[in-house]
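Take this structure, written in structure tokens, and hold onto it; I'll ask about it next.
For clarity, chains are labelled A, B, C, D, E and F in written order, and residue numbers in each chain start from 1.
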Amino acid sequence: MSQQKPVEYVSATPEVKAVFDDIKATRGVPDVNNFWKYIAQHPPTLARTWGSLKDIMADGALDPLVKELIYIAVSVTNNCGYCVASHTAGARRAGMTDEMFGELLAVVGMANETNRLAVGYRVPVDPAFE
Amino acid sequence: MSQQKPVEYVSATPEVKAVFDDIKATRGVPDVNNFWKYIAQHPPTLARTWGSLKDIMADGALDPLVKELIYIAVSVTNNCGYCVASHTAGARRAGMTDEMFGELLAVVGMANETNRLAVGYRVPVDPAFE
Amino acid sequence: MSQQKPVEYVSATPEVKAVFDDIKATRGVPDVNNFWKYIAQHPPTLARTWGSLKDIMADGALDPLVKELIYIAVSVTNNCGYCVASHTAGARRAGMTDEMFGELLAVVGMANETNRLAVGYRVPVDPAFE
Amino acid sequence: MSQQKPVEYVSATPEVKAVFDDIKATRGVPDVNNFWKYIAQHPPTLARTWGSLKDIMADGALDPLVKELIYIAVSVTNNCGYCVASHTAGARRAGMTDEMFGELLAVVGMANETNRLAVGYRVPVDPAFE
Amino acid sequence: MSQQKPVEYVSATPEVKAVFDDIKATRGVPDVNNFWKYIAQHPPTLARTWGSLKDIMADGALDPLVKELIYIAVSVTNNCGYCVASHTAGARRAGMTDEMFGELLAVVGMANETNRLAVGYRVPVDPAFE
Amino acid sequence: MSQQKPVEYVSATPEVKAVFDDIKATRGVPDVNNFWKYIAQHPPTLARTWGSLKDIMADGALDPLVKELIYIAVSVTNNCGYCVASHTAGARRAGMTDEMFGELLAVVGMANETNRLAVGYRVPVDPAFE
């Protein structure tokens, strides 16, 4: 009753198919992953999310691998199981090595620890950081 | 009554002074920032946290700038004001440009959005990501 | 060893049975859902939680459907799988359409994104909002 | 050094001015609030965020007041001070009464409480909710 | 416009005054702290929250100091500045020493770190823990 | 592809075996739990995490059971399923009774509720708490 249903390509509207086609062409994959099939239940969300993600994750001042590492850092902090799995796979495809992954999680863990220490000790911002 | 008090160098114990000296030497700064002065109220936490942070943030498979970007991503997601201010300053020192910062926050914002969409739509992990 | 066990009606104490009976009568359902069976392991928590929830979710200045939408928004942001599933079902019963659900998640996703942008850019509160 | 600077209309680029103009026209306000001035430091983020927000918060299956209530629910749960202040003001403009605000926060508080109870008791999803 | 206003005793309704009186008598304090004055804007929330808190924080299988330590742990993890300040003061009154506070924050920091490592490495629950 | 693999004792490096041996000896268990096997994929993280945890969770100004209760409070608030399961088991071994567990979760739930009320009502810190 609360369960969502994925939208598969064959039964998608032309509007949804166009987004799926652009995802597949941009990423060079034969099918879109579950995230896109599920949010396709609300076509405006599908179109807007893909449009934003395509722009944001493109090569720029930060390269795609760094962007994937940042995505994992957020997803781990938010405890989003799907997102950790999909972006870890994405980072692997973009060149993340085991050593990079180990260092990434070490930084994420440490940041979560020191964030709480700063809050618990009620540390005021240094004038030099303002 | 709940307010914490910073430990200043002149009144610190030799144990705390040694950690402060190592932070100053490692970073080439004349004084440690507030975070260290406040957690120095509990010397074991000061020593352990600095030891871990020094190891984790050192140059490795990921360079120090990328590590600072990851630190900001976590701190923004956790809404830690002190940490956002101090690590944004740290990332600037490590070479972060305005454009990099803009892209970093765009990725952080997007990841927080799609994390919630994945949870809300209850998206199951694709077999390919397992 | 850490696994919790649900309290079923037949083996419940009179105190727990009374709460279960009130939940069933209030909601017009033949049995209570797992949430109540699990927290019934601590009867004071069961009684207090049901008493509070019954008051808070009743029709008032906000109608029950709007309250269910707010419940989903919080549960998605906290990434509580059980709560997303149960309150999505609850909102459906209260009249939530597919279109409403799509718009709800779009707002939730967007709010999570702009919350992080406000924190990352360290935006000061406008005097007009104080 | 880590402090961000707002982009004021008079010194904005034509691209940024166009977004500011659309925000002012859409909302019927003489100036944009700080959020927009700060994210304008990264023009692509400004344009994309406004475009998305304008679409998402428009009247639809959910009316603008309900959407503002949902925005507050997320912002309170994420503890975003700026967002709570600005969206509480926004909801007031959209018709939120004191009584509605009181009920909104009661639901938000309760949802945060029961979310944690569901996690702590490790409650499995009922088959009826799948 | 979004700013809330505290309800002071002299101008409170009899219903609110009765709750304020009970808080003052239970805690042996001359006035209630800001939290109660602000939530008193919605009297049902004031009455329900105080009733629940009074029951939950009473001496039981866990003593009041341990309960205050748990309250701080949650408040630090949620980054609630007000709550960290007020419950740190509350724990001090209940007997928390500097050393206890240092150890508390060390555990809180560590738990936040290992929580993220467990999520990032996608660690499956051991059969022995089920 | 994103799935992590546990490091089993028989195939571990001497460096990892030494940490596993110390965990087993310290805890008096025949094997380490999954958390350690998974983070052992990055040996520096394994060594540092175990070293920190061993120090932090030792008997001190707070006893081990209280520390386990705090660990559960953080893990529930962060919604870390693995951590809730493993630390609930750990607290049971350290002497946590059903009644203690019920009171712990009641405090955790309440703290999460009042944290949000404090944020939503934008309660300023009382001068007495500074």
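A few points about this structure:
Note that in this section contacts are C-beta pairs under 8 Å (C-beta built on N, C-alpha and C of every residue); 3 or more make two chains touch, one makes a residue touch a chain.
Chain labels with UniProt names: A, B, C, D, E, F = Alkylhydroperoxidase.
All values derive from a computational prediction rather than experimental measurement.
Just one of C-E, B-D or E-F has an interface built like that of D-E, with over half of its contact pairs in common by residue number: B-D. Summarising the inter-chain layout, the chain whose CA centre lies farthest from the centre of chain C (Alkylhydroperoxidase) is B. Greatest Cα centroid separation from chain F (Alkylhydroperoxidase): this falls to D. Between B-C and C-D, more C-beta contact pairs join the chains of C-D.
Computed from the mean C-alpha positions, the centre of chain B (Alkylhydroperoxidase) lies at a distance of 27 Å from the centre of chain E (Alkylhydroperoxidase).
Computed from the mean C-alpha positions, the centre of chain A (Alkylhydroperoxidase) lies at a distance of 21 Å from the centre of chain B (Alkylhydroperoxidase). Residue positions of chain E (Alkylhydroperoxidase) with contacts to 2 or more other chains are 1-3, 41, 44-45, 48-49, 52, 56, 77-81, 84-86, 88-89, 99, 102-106, 108-110, 112-115, 117, 119, 121-122, 128-130.
Considering their complex, residues 72, 76-77, 79, 81, 84-85, 104-105, 108-110, 112-117, 119-122 of chain B (Alkylhydroperoxidase) touch chain C (Alkylhydroperoxidase). Those residues of chain E (Alkylhydroperoxidase) that touch chain D (Alkylhydroperoxidase) in the shared complex are 1-3, 41-42, 44-45, 48-49, 78-80. Taken in their complex, chain A (Alkylhydroperoxidase) has these residues touching chain F (Alkylhydroperoxidase): 79, 84-86, 88-89, 92, 98-99, 101-103, 105-106, 109. Chain B (Alkylhydroperoxidase) makes touch with chain A (Alkylhydroperoxidase) in their complex at residues 2-4, 33-35, 38-39, 41, 45, 49, 52-53, 56-57, 60-62, 66-67, 69-71, 73-75, 77-78, 80-83, 85-89, 97, 99-100, 102-104, 106-108, 110-115, 117-119, 121-126, 128-130. For chain F (Alkylhydroperoxidase) in complex with chain B (Alkylhydroperoxidase), the touching residues are 1-3, 44, 48, 52, 55-56, 128-130.
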